[in-house]
Structure formats: structure tokens, C-alpha cells
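For reference, the structure I am asking about is given below.
Note that the chains are named A, B and C in the order they appear, and that numbering of residues resets to 1 at the start of each chain.
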Amino acid sequence: MLKIDDLTFTYTGHKLPALESINLEVAPGKLVLVTGPSGSGKSTLLHCINGLAQIHYGGKLEGDIHVAGRDTSGKPLWQISELIGTVFQNPNTQFFQLTVADEITFGLEYAGFDNKTIKDRFRKALADVEIEHLRNRDLFTLSSGEKQKVALASIIAMDQPLLLMDEPTANLDIVSIHELIKVLQKLKNQGRTIIISEHRLWYLRELADQVVVIKDGKLIYDSEPDILNCSEFRDEIGLRIWNEPGEVTKSYVPQNNNSPILDITNLSGGVGKNKQIIKNVSLSLKAGNCIALMGHNGTGKTMLSRILTGLQKQHKGTVSIEGKILKPKHRIGKIGCVTQHAEQQLFSDTVLGELLLKPNINSIEGDCSEEILRQYDLIALKDRHPQTLSGGEKQRLAIAASMAMNPGIIILDEPTSGMDMLRMRNLSQQIKKLCDKGLAVIVITHDIELVSLCCDQILWIENGTIAKNIERQQYIKFFNELIKFNTQEGNENEIHGCLL
Amino acid sequence: MIRSFTQRLGQRNPNCVFEQLDPRCKLLIVLIVTIAIVFSNSLMSSGLFIAVGIVALFSRLTKALLFTSSFWVLLWCIFMLLFHIVMRQAISAPRAMFTAMVFKGTALIMTGLWFAVTTKLRDFTSALEAWRIPKIIILPLTIAVRFIPTLFHESLVIRDSMKLRRIAHRKRDLLKQPHLIGHSYLALITIRSLKMADELAAVAETRGLARPGKSKIFKPAQFKRNDYLSLSMLLVLIIVLIIASYFV
Amino acid sequence: MKKAMNTNSSLTNNGTHHYQEIKYSGAVFESRLRSHMDTYGWSQVSPTGYPKKVWLDIIKNGKSETNRRTAYIHVPFCGTLCTFCNFQRKPGTPAMAADYAQLIKKELQWYQNSAYVLQGRFEALYMGGGTPSLLPTDTLAGLINIARQILGLDESSEITIESTIHDLDEEKLRAMAQAGVTRISLGVQSFNTSIRRQLGRLSDKQTIYKTIETARDAGIKTISADILYRLPGQSVREFQNDLDCAVELNLDGISLYPLIAMTGTPLEKGLKTNKIAQLPNLSIEMEQCKMARNILITSGYKQDTSTHFIKEDDRNLYANVRLDDGDCLPIGCSAGGYLGPLVLMNAMDKQMYQVQISGGKTGYMASVNLPAKNRLLRSVTGQLQRGFLNTKTIWQNDSLEPEKILKERIDKYLDKGFLTKTTEQYELTDDGWCWSYNIAADFANIAKSENSNSSSAFAMPSSNISGNKTHPHALKYGKKKNGKGMRGFTIKDISVLGVMCALVIVVQFIFAMIFHITGIALIPGVMQFVMSFASCIILFIALKKVPKAGALSIMTAVYSMITMLLSGSILMGFGLIIGGVMGDITAKTIGGIQKTIPLIIALVIYRTSQTTFSKLYAFITEMTQVQLVWYLILFSIFASAAGAVAGGLAGIKLTKKITKAGVMA
């Protein structure tokens, strides 16, 4: 179905090739997992296959790519798109229409099919992806998982022989991932060939027929998935977990006798007067501690962080920082917050300028900013535009910029989504450093590996309240309760927890 | 707000009769009514006002109707007060002005609103395609409407981030430091928009939208019986009003 | 060598030929196949294997199974357009053709030192198109010389150029003869001047005669002409006149083609709308075909292939080698060919061809490796198109039993009287010749019945999926215009325009909200200024990113339609569109929208127009009875223009800022 011969690809303006001498063969009807550390070239490989790399992004492609026996070199993108369908990572930028039905028929119309074919394919696509109930729904009201399914359905309707998926689970929670597993199994049974580029590996355990590992632009493994069972291999490459959660070491943080830096009492709040998302949350956080807030999507974690940072007014309850009860508008700026999409938090023209943007009364100025950059390993980039940095660098810069405000508490919202092992470990080091400096860190996450590395406590949020409070010694037990790796497929009710 | 926008333009309401009408027909109606309003005298404009009012009531635009008419009445009162009495500038025909402002103004606005409320994006683009408007206008239209909620959401997120970093987070900063808004907000949202446009272009190319040749519309816009009916009713109404206005 | 024909002709006293009406009974075929493309059933092979490697092997190592070689150069440009032609429309100029010729040279040079070219002898070169004779004289001669040198063509090779009559003058003909052209194929179609005009051909009968004479004088050895029959409203007698002219001219070769109304041609459209007389029915067509055979054979011609008749000086070598399982090296955009077991196709799209050649590659786009049975069938159709079938000399290997495979059909056609058996082989009868494409296609389809999942090797994927059959040689000169073309805007541009339009609306909305909340909106002119500023700053950036004429019009058109959808205000809609178009036109006249000053002026025009139209409300509702209102209106128009200027200037600064982010590339 796919044969790649000695592929070498260099982006325009770059000296070193992004991919070197890749040879790959994929038989029809197989599901292939392409993985590797961040920046290794997984996405580039997919873009070379579907033609975006050489035509849209621009670059020099050497070697041959044959899809379904046809050479894709020299063909315009719309012709290649008849052989290859691509589902991208971000569901938000994949849509053209406002409702689900319109979205799926949109592509079919542009392909020039007649009405009957469009109707049949539309129905079939809805059935294959199991979203008949979403047929007339508005795209903006769907959850991430449902959006991803709609994107998949609109590609499947075009009925291409090869399907590419670029990190489809980047924005999904575990329930959606399980539904995606079912859909992928169904598609595989229909005989489609699927190539998935991923960081999250565990959900493809039963599905992947072939695993391809790319590191630094070179193909270093192309064979059975069994090798991923070997944890040394995974650690060496920097891959995430495959079949069991890792070890949890004992906490190195000594007993903390500081006074609480953050005190929340009976906090309740939500959007609008009557809607209560957070109900009676109480917690206290000491300086130097790091806690994890975990829970399903929609249980109120983000709302809690918004209330804490002062962006949202609470309905009831108090929040006190360093002993003083503060109203929302006074809280703003006292608690730093770094969100999942760091680019929405970077305003300046230069990296250095980002830290000097608006000096606060408490904030640091001048060469102290350079010192901060040095700490975060960004000093070499100080004159670059923040939006041109890589994902990890942007995140570090966002954290640095928050730190320039000298807050006592910092909240990190989903910091590791889409991260590989190495970067995740670096982040946990940084969090530890922050704790050492005397900050309190709250991490909102699904990533159990991050939590095992640097968080002293887990607060499990359910229905807007803190349901459980888990200490470090109890982590393993808690994880095993949550994530039942040995559960049979179909017992989704038992799988509550989240990974990564 | 985002939700109401998308509901207005995306979701179809099967009960509304006006939604079944071809958008081209509705556009023609709006055009004819606008021209009629522009050239009408007081009798005609009151006739049109009543007709528009009735249609508005059927399209669940009662609130808008009341609001618009009261707004015009209020404005007329202010005009009369300010200019006629206080500034002693004679208004030559206050009654005509009242008719014009309230009747014509409301009718104009309500017709427009009626069109806006009963037309869905998909039907509108089908109608445009039936009028052979080229792809190069219809595709950006679809993209633009679809991105308005996304960019609005993005703006809110950026505003929150600015607040957290204490950049122009107080209302008075609007006057004291407007350049900060430009630097921070405008620059960032523009960069984000251009990046999203690029991602969208990549998706569009891989979906084969650059294919040369005609695209086949799934449900092409067609003039049906209701369309002809409503157009003829309108024409009859206007003729009647023109004739009536000769006798008064 | 052909046996005596069953002619039904008899010479009458005054020398004219009378032909009895030839009846054919019992329709064996439902309809007549008229093109050699219909016989390609053997090329429908499931894509397997990696034929490009095989191709590379043959070229680089010279291993080809047959030594008979030809080459084909395709020139996809025409000076004038014929109504029956399905090729994409953009008349070519000699200059365009000359540029293209450089690419051809490069491709030839790629093959120059390859083993394949060095080891074999090329028997024939054919230059087709389009109209190869469109090339300027020097370019044409130069190209032929280079091709001759590289391919090793000698005096015994045949070099054919397809030409129109009007392209050929004495100078060109001499240059061609000197360069080595031995044969020209003239697109005469008909000698009847009025029919020629109808078909879109230029020259008249006298010119044709004169040109042929000049060509002979210049030293072109073989002159062949294409003549059409089955023309709209053409009777048998009219076709006979054409044949008589051809005979009179003592042409060395005559190709006869029945007119095919291909989808998408002006001819087809004219037939559908009855603007053109209908094509003759099948019986008249068959009569024309048989009559042609009779006339030409009695005049000393021999039917060489399904469409071509020859005299002694026309070897028709290129066609014969190709039909005899020979190789054909394809050169040029959308050229097709054969190489051993491979069927080749070069890049169909001219831009793609250019990209490939400039990148140092050949025009190779795709190929299909024929399995043994298909090669056999190719060979069979090749023979049938030359009038015979010899099961011993067709291509075969040990695994195949040709007699068995072909028996059923051979028997069928023997039965129907289309084939006769001689001692060595089977030969087409008179009737058989006129149905030769149908017969060949039937044999070719032996391959189809077994491959139900296969798709034609060269069917452009679009013709499979979208159901629109385009002629395989239908070329794309650039963006195909169907009234809905992209007119120079790429998908990237369109996305940017769409997203930036959304941004204009969102930013204006946010500013409006902020100003309304803070109460500043009540100050006259301020809102206008701010709205104008907000929209123009974003428009400035959008137009800097897409600095094409028409971009402003598109954005304002989209903006006005969204305004319609959101508020139904037709006045504002008009104002926006008119403003945008006027702004665009003004910018174009004073230097182009890429430059800053015309851009700002365009924005001012657009914004002023919008404000003016939106103030029409005041006019309609007679608020303008009050003097002050007039002043307010003027003031807001002015404020709006000022806002546009300010927005433009601020846009310059903002563009600089965001250029560093790398998004303005």
C-alpha cells in the first residue's frame, strides 16, 4: 500500500535534513504506529507521505514514495488527497462548516460526486464512526472527542485507501480514547490501512501491527510492536508507557513546616449565578509543596484554577494568600498561571522583552530578567520572537514570564499534553526547582508519570469537590485502582483513570 | 454568545416557514422592500411597516420589533426636544419625519433582521452558488463565518492571559495605555489568525479543495412554490399600496 | 501483399465511380469504436510492484527486450483551436512553445548518455501535439537536430512532424528538411473550404495545394495528410470529393479519421444545442469508410493501419514499429510510450513537467508493468490494427498458449466475416477493416474480464472518482477555468482572506463592545474612527500577506455577505462591495496594491464608501431635515476616512512587528 524508498527531506532554509534515508513498506490493511521523541520527524514523515511537506511547507524531497502503486512525486496535492486522507491533531482548525452534517458533506461536494453517492457515503461515514446521534449538532458544542470523531468521519467519507492520523489523542480524555479504539478497530476490519503518529502509545497495544520508531530523522526500528514491552528500549528512546505504570519513588521533599501560603475555605463558584461547578472546596497549600489536581474532563478543574487566579468571581467562600483574604480583582497577578497553549500567553517581540513587558510593583527588572532566562535555559534565544520557538521553549518562557511577576503560587494547567518522556522529565525537574525556591505549585494534569515524579499529593476532583486526598505512599495503589491495564475490552465503566 | 451565533447561522429550525424559502427569493424581497421604502410616502410606509410587523411577529422577532420602534420613537422625541424646542431650528415637517423615522426606519431594520434570522449559512452559500458566484468568494465566506466564534474565543483567552500578566487589566488602561492593547492583543491575535489560516490551508489542500472543476452542490437552491407565492404577494401588496397612496 | 478486395465498384463511361450501396446486416457491434484509445483494455492492470525501478533499470542498463525503438516528442501548444479538439484552452504562442522546447532539450539531454539510448538504434521519431509546427523555425530545426544526435537517428530513420498548413512557409520547410525531417503529417481534415472554416481551420484549398508543392520542393520526402469523415451534415459525395482531391495531390500517405464529438468540446456543445448539424448516422459512416477503402485502393494505396493508407514513399515507420511491440521513448509533457514490458506516461500537467525537468529529472510520471497476458494482448491489438493476426509472431512466452486464449474470438470473427484465414495467419476482410477498432478492443478486453479490481494505469484519479471522463491527453495549461476558477489565488490565499475577514469582524465587535461599555460611543465620530481604525489595520495586514489585485474586493464581498447574514442590511452590503471594488481598481491604477500608499488609499475609499452608504439610513428616515445631522454625517465620514489612514499607518508598524514572528512569509 505504501512504499517509501530512500526518502530524504530537507525543509527550505534548513541545512540539515529533517528525515534521512527512510525506507518503509506498509502492507494493505495494517495499522502502523509511528513514534519517537519530540522533534524527531514523525510529523514530517506523515507530511511527506501526504504531500504537504514538499508542496505546502516547502522543501527538497529525494527518494520515492509510492501509494497504492502510484508514484506521488510531481502530483498536485488534490490528486494525492484522493489516495491519502489525513486527520490532524487539532480538531479546531480542521473544520469548515458549522454543523456536523454540513461538514461531512462538504468534502464530498467538492469531490464532485452525485447526490446519491453523497447520501450513501454520508450515512456510511456516520455509521462507521458511530456518531449518528450527533448528526445535526453544532460543531462548537461538541467535546474534543466528538470533534475528533467528526473529523475522522469527514475523511472516511472520501474513502481513500490510506489513512494518516497525526497525534489524534492529543486533546482527548480517556473515555474518548476508548471510543477511538473501537472506531479504529472497526476501520481496520474494513480493510483500511492506517498510519498513526503518536506519543501516547498504550491505546494502540491491541491494534498496532507494525511499529516504526524515528529518532533524529532516522528510522531506527521497523517491526513488531513487542519491542515496546521492553522498558529499557522505551527509556532509551524516550517513549511513554506501553503496558504498565512506572515506579513511584519516595518523595525527597522533607516534612514541610511552613505556614500555608494558600488557603481555600468552602469555595463555590461557576459561570452565571445559578450554575455551580465548584462546590465547597477547601484546601491549604504550604510553600514548597506541589500538589496535583486530577479528575475527568468537565469536573471543574479549570474552573477552580480560574477562580483561584481571580479571573472568575466565586459565589461563596474565601481565598487567602499569605494569610490575607483577597477579593478576585486583587488576586489577579498573585497566582501565576501557565495554560496548555503557551502561545496564547506570549505577547512580546523578543524573549527578553517578554519578561520586561509590564513591570509590576513586586516584579523584577533589567538584568534580573537575563538571570531568569539563564535559569530556564533560554538565554541563547533572548532576541528571538516568542512565537517562533518550539513548544517546549514556549512553555519554559511562559513559566519564566509568570515567575517574573514574583508570585508565591503557580498553577500549571495540562503542561505535558503531547510531550515525550524527556521533556516531561525536564519539566518535573523545573517544578522541583520551583518548589525548592519556596513556591507552591498546583499541577492540573492527567499524566500519572509527571505526578509520580514531582507531586507530593493528589487531589481527586469529582463533581466539583475534592473526593479523595492521596499521599505519595498510596500512589501505586491508587493508580492501579484507576487504570486497570488488565481489564477486558468492553468494561469501560471500570476504567476511570486517565493516563498522560 | 458564541453559542447563539452558531445557532443562529448553523442550526435549522424545521418549524419556521421562512427558513424554507430560497435565500435568493428572500434577498429579492429585501431589495424590493428597501427600494419601496426609500421611495414611499407616508401611507405606503405605514402600510409596509404593518406588513413587516406582521412578518416579524411570525418570525419570533416581536422583541426586536418593539425595541426598534421604541428606539425610533425615542430618537424622534429627542430630535423634537433638542432641535425644535431648545435650539429653535424649525423642522419643516415633524409629522413626516415621525412617519419616516419610525415607520420607514423600523421597516428597514426589521426586514433586514428577518432576513438575517431566517437564513442559514449553508442555504445562503447554496443560493450564491446557484447564482454562479465563484468559489473564490464562497469559500472565504464559509471560512470566515466558521472562524468568527473561534477567534472570539481566542480573544477572550488572550484577554485573560493579559489580565493574569497585569497588562492593561483595568478599564482605565484603555485610555491611559491604548498602545499596549495594540502591541499585545492585536499583534498576538493577528499572529494566531495567520497561523490558523496556514493550518487550515494545509487541511484544505489535503481534503482536495484545490481540485479544478465544478463542485456539485448536494442540495442546490431552487425556487419553489412558496418562493413564487411570497414574491407575488409582495408585489401585489406594493401595487395596492402605490394605488392607494394616489388616492390619499 | 493484400489479396484482392471485394470491391463493388464499377467504372462508368465518364470515369466517375459508382458505388453500390453496401449493406451490412446483423449488427455485430452496438456502436462503432473510433479511436485507438478504445483498444487499451490490456493496459488496465492493478497497480503492483514498483515499475519505476524496472524503468530505471532499462534506461540505465539498456536491457530492453526488443531492439525496435522509436521516440515521441509531445508539443502541447496550438496556435488556433479546432472545435472538435478536447485539449485545454489557452492558445499557445510561438514564444511559449519555444520556452517549452528548452525543457524538451533538457529531457533529451538527460537520456543522452544512458545505455538504453546508446545501445540501440532509433528507427523513427514522431513529433506530435498540439501543433509542433508552431515552434519558431530556428527552435524547431535546433530541436530536431539535437534529437537526431542524441537518439542516433540516421538517414534511414523516419522523422515525422505534425503540422498545420498555415504554419508552414518555404523557409520553415527548408529548415525542417535540412534538419532531417523526412515526413510531415498535415492536418487537412477536409479540402472543402467551408467545412474547414466550420471546424476552425484556417487555410483554404488553394493554400493547401500550394503548401504541399512547396514542401515537396523543399525536400520533404513523405507528405501525409489527415482527413476527417463523419463530419456534421457531410454526405458520402462530399467525402468522396475530399478523397478525390487527396488522390489528385498524389499524397504519399492519407490518414482517415471519423469525427468524434468528445465531451467538453465546442463541437459537442454545438451538437447538443443543435447549432451544428448532426453527425451522419452509422450507415452513412460505414458507407464512407468502405468507399474510402475502395477509392484509395483502386488509386494505388494500401491500407497500412486502421486509419492510414500509404503509397510507396510512406513507410509509416513510427506507427508500424509501435504496433509491432516496439519501444517508444516518450519526451515532453503528457507524452506516452512503451519500454519493454512497461507502459509509460510523462507528467500530464505542464507545471509539473516543468518542475520535474528543472529539478534535473525526466518527465516520467507513472508506468505500469504489464503481465505476460497483457503483453500478448497488446501485441494482438497491434497486429489487428495493421490488418492481420498471426498467433505465431505475436509476443508470447512459455507460460501462455495464445491459440487457446484467442480461439473463441478468432472463431467468432471468422464466423461473422471480419476475419479470413490464410495459410500463415488471419487477415481482416473489407468489413473487418472498418470495424478494426471494435475487433481489437474486443480482444483487448480479454484482460479486463479477469481484473475486476483494477483501475486503468493512466486514468487520472479524478476521472475515476468524479465520473467526468477527460481525454487522457487533455492537457492543463494552468488553472482550469470553469467559471469557478481560482483566478490566481491559491488555497493559502483564500484561507488567509477568510480568516482575516473573520478577524476584522471580531476585532470590530470587541472594540465596539468596549467602547459601548465605557460610554465613549456617545461622542460623535469616535466610534466611526475606532471602527475604521480597527478594520483597516487588519485589512492592511491581510492585503500585505495577499498582495494580489482583487483581494480587497474579495474581502469586502465576504464582509458584506456576513453583514447580510448577521443584520440583513442591504445598504451596508452595497456600500462595502462598491467601496472594496472601487478601492481595488484605484489601487491597481495607481501602482498596485502591493505598495503601501495605493493600499492606504484603497482602504480610505472602501471605508468612506461604507460609511456613506450606512448613513443613507439617516437620509431615508428624513433625519436629515435637521441641519446638524448633515454636519454629523459629514463629520463621521471624515472620521472614518481618518480612521482608515490611521489604521493603515498603524498597520505598517504592526506588520513590522509580526514579520519577526515568521507569519508574513
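Note that in this section a contact is a pair of C-beta atoms (placed from the backbone, for glycine too) under 8 Å apart; a residue touches a chain by one contact, two chains touch by 3 or more.
A quick note: this is a predicted structure, and the numbers were derived from the prediction, not measured.
Enquirer: Would you mind telling me which chain pair, A-C or B-C, is linked by more contacting C-beta pairs?
Expert: By number of C-beta pairs in contact, B-C is the larger.
Enquirer: Pick the chain whose C-alpha centre of mass, unweighted, sits closest to the average of all protein C-alpha coordinates shown.
Expert: When every chain is reduced to its C-alpha mean, the one closest to the whole-protein mean is C.
Enquirer: If you average the CA atoms of chain A and of chain B, how many Å lie between those two points?
Expert: 39
Enquirer: Approximately how many whole Å separate the CA-defined centres of chain A and chain C?
Expert: Taking the mean C-alpha position of each chain, the two centres sit 47 Å apart.
Enquirer: Cα centroid separation between chain B and chain C, in whole Å?
Expert: Centres of chain B and chain C (C-alpha means) sit 45 Å apart.
Enquirer: Give the residues of chain A that touch two or more other chains, as numbers and ranges in rising order.
Expert: 56, 76, 82, 111-114, 349, 387
Enquirer: Could you say which residues in chain C touch two or more other chains, in rising order?
Expert: 462, 466, 468, 492, 657, 661, 663
Enquirer: For chain B, jot down the residues that touch at least 2 other chains.
Expert: In chain B, the residues touching two or more other chains are 9, 121, 142-143, 145-146, 150, 183, 187, 191, 195-196, 200-201, 204-205, 209-215.
Enquirer: Which residues of chain A touch chain C once you look at their complex with the stated criterion?
Expert: Touch residues, chain A against chain C: 3, 5, 56, 64, 66, 68-71, 73-76, 79, 82-83, 111-114, 349, 385, 387-388.
Enquirer: Which residues of chain A touch chain B once you look at their complex with the stated criterion?
Expert: Answer in residue numbers: 50-52, 55-57, 76-78, 80-82, 84-86, 88, 90, 92-99, 102, 105, 107-115, 118, 136, 138-141, 154-155, 158, 306, 309-311, 332-333, 336-337, 339, 341, 343-347, 349, 357-358, 360, 387, 401-402, 405.
Enquirer: Please name which positions on chain C make contact with chain B in the complex.
Expert: Residues in contact with chain B: 462, 466, 468, 476, 479-480, 482-487, 489-492, 494-503, 505-507, 509-510, 514, 518, 537-538, 541, 545, 554-555, 557-559, 561-562, 564-571, 617, 620-623, 625-628, 650, 654, 657-658, 661, 663-664.
Enquirer: Which of the residues in chain C end up touching chain A in this complex?
Expert: Of all residues in chain C, those touching chain A are 46-50, 52, 347, 349, 352, 355-356, 365-366, 460-462, 465-468, 492, 657, 660-663.
Enquirer: Please output the residues of chain B touching chain C within their complex, sorted ascending.
Expert: 9, 27, 30-31, 34, 37-38, 72, 75, 79, 83, 87, 89, 91-93, 96-97, 100-101, 104-105, 108-109, 111-116, 119, 121, 124, 128, 132, 134-137, 139-148, 150-152, 155, 171, 174, 182-183, 186-187, 189-191, 193-198, 200-201, 204-205, 209-215
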